[in-house]
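Across the two complexes that follow, chain A remains constant while its partner is chain B and subsequently chain C.
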Partner chain A sequence: MNSSALIHAVIDGVLTGSVYALMATGLTLIFGVMDIINVAQGIFVILGAYLSYALSVHWGIDPFVGLAITIPTLFFVGIAVEKAFFGRLKGPEKTAMSILVTYAISLVIEGTLNMVFTVNYVQIQAWYVNKSFKLFGVWFPYIYVFGFIMAAIMLSGLYFLLYRTRFGASIRASLADQTAAALVGIDVRRVSTICFGIGIALTAPGGMIFGATNTFNASTSYDLISRLLTIIVLGGMGSLGGALLAGILMVTLEDIVGVIWSPVWSTLSFFLVLVIVLSVRPQGLFGKQSARVA
Partner chain B sequence: MKTKGKLFRAFGATSVAAVTAITMAATTNGGAASNGALAKGAPVTIGISLSLSGDFSADGLAYQQGYKLWAADVNRAGGLLGHPVKLDIVSDASSPTQVVTNYQKLISTDKVNLTFGPFSTLLTLPAAQTVNRYGYAMIEGAGGGPSVFQAGLKNVFDVTLPVAYDLQPFAKWLTSLPASTRPKTISYVTSNDPFTQPVVQEAQKLIGKSLKTVYNNVFPAEATDFTSIADAVAAAKAQVVVLGSVDVPTVSAFMQAFEQAHYTPKAFIATAGPDQGAAFIKAVGAKNADGMMVPNSWYGQSKNPQSMKMVAEYVKKYGGTAAGVNADIAEAYAVGQVMAQAVTATKGFDNAKIIKYLHSGVTLKSVQGSVKFNSLGMNTAQTAYTFQWQGSKFVEVNPVGDPGAVKILFPKPAWGN
Partner chain C sequence: MLLQKKNLLWVVALVIAFFVPQMITNPAYRQIAVITLIFTACATSWNMFSGYSGYVALGSAAFYGTGAYTMALVANHMHFAGNGDMFWLVPLGGLAAVIVAIPVGLVALRVRRHTFVVITIAIFFVFQLSAINANFTGGTGGLTLPYVPWQIENYHLPFYYVALAILVFSILLSVGVRRSRFGLQLLAIRDDEDRALGLGVKVFPVKLTGFAMSAFTVGMGGALYAMMQGQIYPQFVFDPMFDITIALMAFFGGFGTLLGPIIGGLVLESAQQYLTVTYSNGSLYLILFGVLFLLVILFMPQGIVVFVRDRMAQRQDRLESAAKTASSETPVAQGAHS
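And now, the complex of A and B:
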């Protein structure tokens, strides 16, 4: 085994894992507040990637600058989707039904993207997409470093929103117990709608980085959603910190195993860890079982 | 206990329903293939399952275009034996399970007269096994992996060169280079897909110890993040890289990681991806594509008159250039051509007769060149070529000395130049 390959694997894992964590955070936030398993999160990431791609190709807007447009756009798309489909979902079957509803939404968006952009693969291009710089003898790709910084900023912003604002307190109260939150005067419905918007808005930066580091078409979303769901299950459904840790842990572990043993074992090793963790802590690394039972 | 009882009752009811459905399907269809009798002027329906979504969607769409282009040409010329061709295309979402369901439905419910193959070795094997149960012939163009032929089916016919031979010209060229210019080291990295692994293994066998292997690994077909694997290949710093890829995203990910690691191999060949014409260029950029190689048995600028006609029609209908035409189009079109010749020769749509005819050792013509099947359904009449992107042109570079071959761009130019 080459030691530089191992160093690269750790660096790659941390840098790319943070972006997966960002994408998964939106998913876990939506589940935490609304008990909705949004299997359309993968296609929203791809939608975010296509929006950045379109702005870059047709208007020459840098993908990072374009986030000023794509984040609000996806926020309002999220609000519209939540109002149209999830307001009526109630009762004990809500979570199960949400899988069907979000799957249907996913199919509609996939079909629309295929019509607009065709199924041919595309990739977001910018000067920094294929370039890298050397530090301590290791090449650091600009796009992964920028993606890591952006993910750190976004997640810090989300942390600030959740723990330093009044609205964040409402979200956390809804996360812990929706009935109790409503009893103390929190408009849980409004909190849910905005949280769904935030969850979808987070796919814009995630999608942009994904689209700059991978060629993609609408069908790529299937590979993504399985990863994102696995991350939030490992981290603990509804746990933001868990999603962050699991995202980085998952990708880093995969990369290290791929280098030390063989890439064939990398995916398996992750699922092995997932099984071990879930057998000891069924609620995941940071999930709170009691909150979900209520 | 109550739940258990319910479960048993539900299972019993489901089993009875399933058995009834299967029996009805077998009875109504007679459990055998169409005998070829068609009312005068009635359309001949061809059932096809294609990956219009999922991992193979780009190839699936190209195949759909190829099949439709062929059907339009045939119908313009009066159809097959005077019957207009109607394509019954359903999507399998790139799933080996769904492809089985699709062909069962196409044959049992839709009662198609003939079947064409899906995309990829992964899907062709279960598809061919399914249609074989009904006695249908399966002519296909993308199921050239050994697993398809090793299944011992008598109904499968691949119009394309068997993939195991794909890298022969490349290996022969590499090992024939004078010692002073021949690269010293090589890396092999491949997806564990039934199409790619045999190709790369065959290349390893042919290249042998002529070059020192410094990296040799397999990655799972379901992998989506190739960064660390590509970085490991880059760290090995081999002068030649052989990549077993099934699509553009895999090749693109390796190219991007190599560029970020400031590593340019002298020769870089991928089993699939660079043959996707304009779709490949659009994804990776023309400058980065320079010097990228791919094996295949057809290319858009082929001088085969049938191919030139098809390419002209394609460009007229869909735009672009000859170099940008996806090789999948030609594979699908060739499937139709071979079926048309078999139908004409057997004077009907009887699948048993078609199978017998295709096994007779007859040589047929297609846009990809000659087609002659051995007892396993492999096309033994085609030649393997290596193609390379040189600037915006996709050109034949191997076998060396072939009339259509131009000088190979070696060493490969640095990324983005």
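And now, the complex of A and C:
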């Protein structure tokens, strides 16, 4: 082990962690507003990756430019899914049922993707995918830096939407307390639908970067969703800041363990940290102490 | 008492189950039958804890894999001959799963609801990744068990009856728990854990006991599976699909009901195997399975058992009210029942 490898691990961890944070933010937003654990988030990330891939392969559209198409597409897919399935979910088992519904949805999407794109692993290609530049004696891969910048822009946009607009205020009200939000005249149903759309739309940029930095096929989604769930639980479910911090922390930690110990155990450390943190702090790093639910 | 109509159905079902291997002689189908029984037993046992207590655990594959690895490691290190003696290791696999489940429960059961769901998934991955990376588990190459030199035509027969015995055991356990004071305590936890605590239920020990008990059957299932296959791989005995599948079975049939996971297990597992055989194209099978599952959830959200029971109750009501209306002449009574 040398210190330069460690520095690289930290830098790569922070840069890629921000992209995971972006995907996890969508997941935690959906949970916070709707009490839905969207297990399909992983396959939506892969769907976003495949859309960018198809655009760049068939029409030669640059993946970053292609986001102008893939983000709205996934937003409307999210709206359609929400309208079709989640209005019916009610009752005390709602959260557990939502896991099963979204799992079934992800099976359908996985099957469809396998049919359209086959199960062969692919990767999104562009001039910046395998190139790096050197700054202060450290190599920075372009794609990680671009991904970090994009994640930062997206998250700032989301921050602006949530904290500087009237609609954002109604989202935050629904996050805090759905019943109270409905009582002061917020259309919680509509807010939920749009939040689901936003949560899914965030998988488009996340998937694009993921698809450019990893080879993937539809079954990669299982690995992704288990990481995303770990991140949002660690951050505290429904906490946007928590998802951001936990995403960066976890991926950085994984990279560091990979360097100083062995890549074999780095994934294990990811889940082990979650188990340890939760046994000390059951609500996650930034979670609210769960209120008593009648 | 044994000849009550309800009990009679169970006896008939058991007799039919007993003769199934005589009806299907193709070894491939017999293997499907054994796996169906193992999964149904696991689903019943999962439901005994998760269904009754409301703690949806998605990490049972950790116990399934523990059972399978116990079978493989003990059989190899104690130099078991490949014969029926290995069946004695099946309960040992269950016991190992219980021993593992206790520390897991101590950590996981401190949290509730969705956090519990996710922490069980995380613990499952810790197990899976350890099995893949540790030395004594043989890594991704897995482990080979002592060879059982039975004739292929009847190879699955002993496994079938052991699996049936495990299923019967898990059903009896589930009935026993449901009718006991302990079962009522689990149900009280599902309805309102804080109130149950206030009323004097020792919530944590009750949850931990239920959690460990349900691991026993799952561990036995894993051990039996390992012995039948003769070779285990970490990604197949520690399979995230296993967790989802047994939860699906319970929800499909009826979450928290006794009959639900049994029906769900038999229907889903055989449907899944049928679809896999018919559409060797795995993608189409995924789509069909997903759509089928969505339809059931959306139209029978409480599962088949509750759906059918409600329909029958409605029909009964209609018949009764029709009978009352016919027998009474007063319009008031008619109005009251319409």
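The rule is simple: the second predicted complex is superposed on the first by the 289 of 294 C-alpha atoms of A that agree within 3 Å, B and C clash if a C-alpha of one lies under 4 Å from a C-alpha of the other, contacts with A are read in each partner's own complex, and residues count from 1 in each chain.
Note that in this section a residue touches a chain if its C-beta (ideal position, glycine included) is under 8 Å from a C-beta of that chain, and two chains touch if they have at least 3 such contacts.
Bear in mind that the values here come from a model prediction, so they are computed numbers and not experimental data.
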Fit or clash between chain C and chain B when superposed on chain A: clash
First (chain B), second (chain C), both or neither touched by A:Tyr222: both
Partner chain in contact with A:Glu110 - chain B first, chain C second, else both or neither: both
Touched partner set for A:Pro141, first chain B, second chain C, both or neither: first
First, second, both or neither for A:Leu274, with chain B first and chain C second: second
Which superposed partner A:Val264 touches (first chain B, second chain C, both, neither): both
Partner chain in contact with A:Asn130 - chain B first, chain C second, else both or neither: first
Which superposed partner A:Val251 touches (first chain B, second chain C, both, neither): first
Which superposed partner A:Val233 touches (first chain B, second chain C, both, neither): second
Partner chain in contact with A:Val122 - chain B first, chain C second, else both or neither: first
Listed stretches 6-14, 24-32 or 312-320 of chain C, narrowed to the one that overlaps chain B: 24-32
Chain B and chain C contact sites that coincide on chain A, given as residue numbers: 110, 114, 222, 264, 267
Touching residues (chain side chain A, partner chain B) in the complex: 2, 4-5, 8-9, 12-13, 16, 110, 114, 118-123, 125, 129-132, 139, 141, 144, 213-220, 222-224, 227, 251, 254-256, 258-259, 262-264, 266-267
Chain C-facing residues of chain A, complex: 31, 37, 85, 88-89, 91-93, 95-97, 99-101, 103-108, 110-112, 114-115, 222, 226, 229-230, 233, 237, 264-265, 267-268, 271-272, 274-275, 278-279, 282-284, 290, 292-294
Chain B residues within the chain A interface of the complex: 52-55, 57-58, 60-61, 94, 192, 217-220, 222-225, 227-229, 231-232, 235-236, 247-249, 252-253, 256-257, 259-262, 278-279, 282-285, 288, 415-416
Touching residues on chain C, where the partner in the complex is chain A: 54, 56, 58, 107, 110-115, 117-119, 121-123, 125-126, 129-130, 133, 192, 194, 240, 244, 247-248, 251, 255, 282-287, 289-291, 293-294, 297-298, 301
